[in-house]
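Pasting the structures here.
Okay, so subunit A shows up in both of these, paired with subunit B first and subunit C after.
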Partner chain A sequence: MSLALLKEHYTNKNIIMSTKNWPLWEVFVRSKNGLEHRHFGSLHAADAEMALENARDVYTRRNEGVSIWVVESKDITASNPEHNGELFEPAQDKVYRHPTFYDLPDDVKYM
Partner chain B sequence: MKNENLYNYILGIADNSLILGQRLGELTGHGPSLETDIACTNMSLDLFGQVRSYYQYAAKLKGGDATEDTIAFLRKERDYVNVLLVEQPDRDFAYTMARQFLFDVYHLLFLQELQKSHDITLTAIAKKSIKEVSYHQRFSTDWIKRLGDGTTVSHDKMQEAIDSLWTYTDELFHQTAADKAMVAEGIGVDVTALKVKYYSLVNAVLEEATLKIPESKWFQKGGKKGIHTEHFGYILSNMQYMQLAYPNMEW
Partner chain C sequence: MSEEQIKNLEKQFEERIARDEKIEPKDWMPDKYRQTHIRQMSQHAHSEIVGMLPEGNWISRAPTLRRKVALLAKVQDEAGHGLYLYSACETLGISRDALYEQLHSGKAKYSSIFNYPTVTWADMGAVGWLVDGAAIINQVPLCSTSFGPYARAMVRVCKEESFHQRQGYEIMLKLTQGTPEQIDMAQDALNRWWWPSLMMLGPTDAESVHTEQSMKWKLKRKSNDDLRQQFIDQTVPQAELIGLTIPDPDLKWNEERGSYDFGEINWDEFWQVVKGHGPMNKERMKARIDAWEGGEWVRDAAMAHAEKKAERKIKQAI
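For the complex of A and B:
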């Protein structure tokens, strides 16, 4: 086998290998009506329908949920940890942005 | 035994789920991906849950020292009356899903009828199982379509699996003596009446999955009479090992 052919062979093989991996999906589960969906974890699936079925089997088999959302991980835009300084630190010394300067009546829960 | 027909009838239902559950359980840690591995184990556990209810009922009918465990583990090969389909091995994932699909379609039709039984215990078990089995059917149907209508390789593997397992489908609709007696009492399901519906449901999925419907009219039978394929002894020795090595052991 010539070197050029060999190279082509491995290139093709790599293409096949890479398509063999199912894309990654993020799973969000609502545990009870009235609560928000929470991130439960991630899994691999070929498409959205399979992702839902897999999520059902992997994350909700002990009656954990009443609703599942799946979203392909690549569709999530995440903040860059390197920018944490500029994004979050300026808020640290601005205590007046927290509503801690007035008394809450005892009857008000979940604040 | 007073209710021998009912006892045998219950085994005829439960043994299918026991052996299929065992087959699916063998895949634990060997599934093609983590997600499908867990899915197969889930189905296995669903089936074992159903099996426990059936065998507990059977043990009560049998009386004496009988328990769900003695019925599940301590019978001889010829005393297991599951259909041949469920004991077929997991050659690859296409086989596993084809076997599951060919059984699930039957299982769901069967439970829908069993809900109408005059025996309230069987009605209750059927009602509880239907949700689980509906999901099994959805899962396996999905995979028939995915692999059948997938790549050339997946299509060929699924076609081969369907072609090989097809010969075991007809036995699902054979009536045993216990069946006939229970149908007459309004307790049992007349399986012969499910056949037309079964093949029309199965064929519709196969067509959607671009698979050929096998034409062979020659079918295997025997499981319902305790005459099993060569695979069965291996399943049984695996299942019975603990009870034989440590009689009466408890987990």
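For the complex of A and C:
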């Protein structure tokens, strides 16, 4: 088949394709006990079990993990960076939450 | 948003990148930044995926078990690289299916190097040594690119690439220690892969579009010609070490520049392959599309099974 024909074949196929796409999952991996799970990336899978198996193959081929969490991406609620001001700025002027805010004599010990 | 406001946002955006701040998927970004990143990351992902084909060709014929497990692991890594990059790309709001469609319809490009055939076992050596070698040179600077998901994917990719190049060089090394036929085979592979590998680092600076913008966004840190020079300077001594000859009569050490001078690259060949007239363009696309279409019933069955399982769970709960 020529490339042009192949293309046409593919495009036609695409129109009638009724396939349901595998959903997207976010993958979190604990690299070793004592550390938290960290976001490693995402992948597609039909269900949670398959997402775990795929995550094993995609993200831990070199002993990068001892535990994996997967969660469907659509179930994550994320803050909007446009609201970063109202969300995070209030913490900026609360210097009294930090130990250096307090004036103590230099020779005070164990504090 | 008014034009004025957009200008302002764009200015702030460029300043963030200049300060080495990372851009994350949900941050505001100029549309051009989004489109350029979708294009570059998806091309990169497609290259990893199509790149499995020339090497996959030799897995069943690897000469020893040691070589076979190494090649299998390398090809599996390339699949992983494709997947990291596709998912980084998807954070910009394009679906995996749309990305595949762009590849299969020929709208999206992948690295032209994979349109050359792998005809002998020595090609597995040359590809690992030269093609992965050139890829590393392209990819290392991208570990500090401005788009967070791309940079993180590249850090993982670069960590894994080093074994790819070393296993390839080891194949070449072993062949050059072998029979005269094996030595010839290694030299022949170098002869065929040398020039396409140089082309892999992209058109000359004079011919290359959107370099300035890419530099600003840290999609590029060095020009194509600088990367190519780096590759040549690095690779020539490696060839000498195992007694192979670089197939370039004009290759000469330039004391003054502290670099190798090299011969003219056949850019006509490069553009021909980019345009689809390389020796393997049709076969690669056919193999890729066949794999995708042949796997359709498996994907559908997995989805149907998952849905059935979910339904059963709900029924049990009631």
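Basically, the second predicted complex is superposed on the first by the 78 of 111 C-alpha atoms of A that agree within 3 Å, B and C clash if a C-alpha of one lies under 4 Å from a C-alpha of the other, contacts with A are read in each partner's own complex, and residues count from 1 in each chain.
Assume a residue touches a chain if its C-beta (ideal position, glycine included) is under 8 Å from a C-beta of that chain, and two chains touch if they have at least 3 such contacts.
Every value quoted in this text rests on a predicted model; they were computed, and no experiment measured them.
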Which partner, subunit B or subunit C, touches more subunit A residues: C
Which of subunit B and subunit C A:M50 touches, first, second, both or neither: both
Which superposed partner A:P81 touches (first subunit B, second subunit C, both, neither): second
Partner chain(s) touched by A:R61 [first = subunit B, second = subunit C, both, neither]: both
Which of subunit B and subunit C A:G41 touches, first, second, both or neither: second
Touching partner for A:L24 - first (subunit B), second (subunit C), both, neither: second
Subunit A positions touched by subunit B in one structure and by subunit C in the second: 22, 43-44, 46, 50, 57-58, 61
Residue numbers on subunit B that touch subunit A, as the complex places them: 33-36, 38-39, 42, 135, 138-139, 142, 146
Subunit C-facing residues of subunit A, complex: 1-3, 6-7, 10-11, 13-14, 17, 19-22, 24, 41-44, 46-47, 50, 57-59, 61-62, 78, 80-82
Residues of subunit C touching subunit A in the complex: 24, 26-28, 73, 76-77, 80, 83-84, 87-88, 90, 95-97, 101, 104-106, 152-153, 160, 276, 281-282, 285-286, 289, 293, 296, 299-300, 302-303, 305-306, 309-310
In the complex, subunit A residues that touch subunit B: 22, 43-46, 49-50, 53-54, 56-58, 61
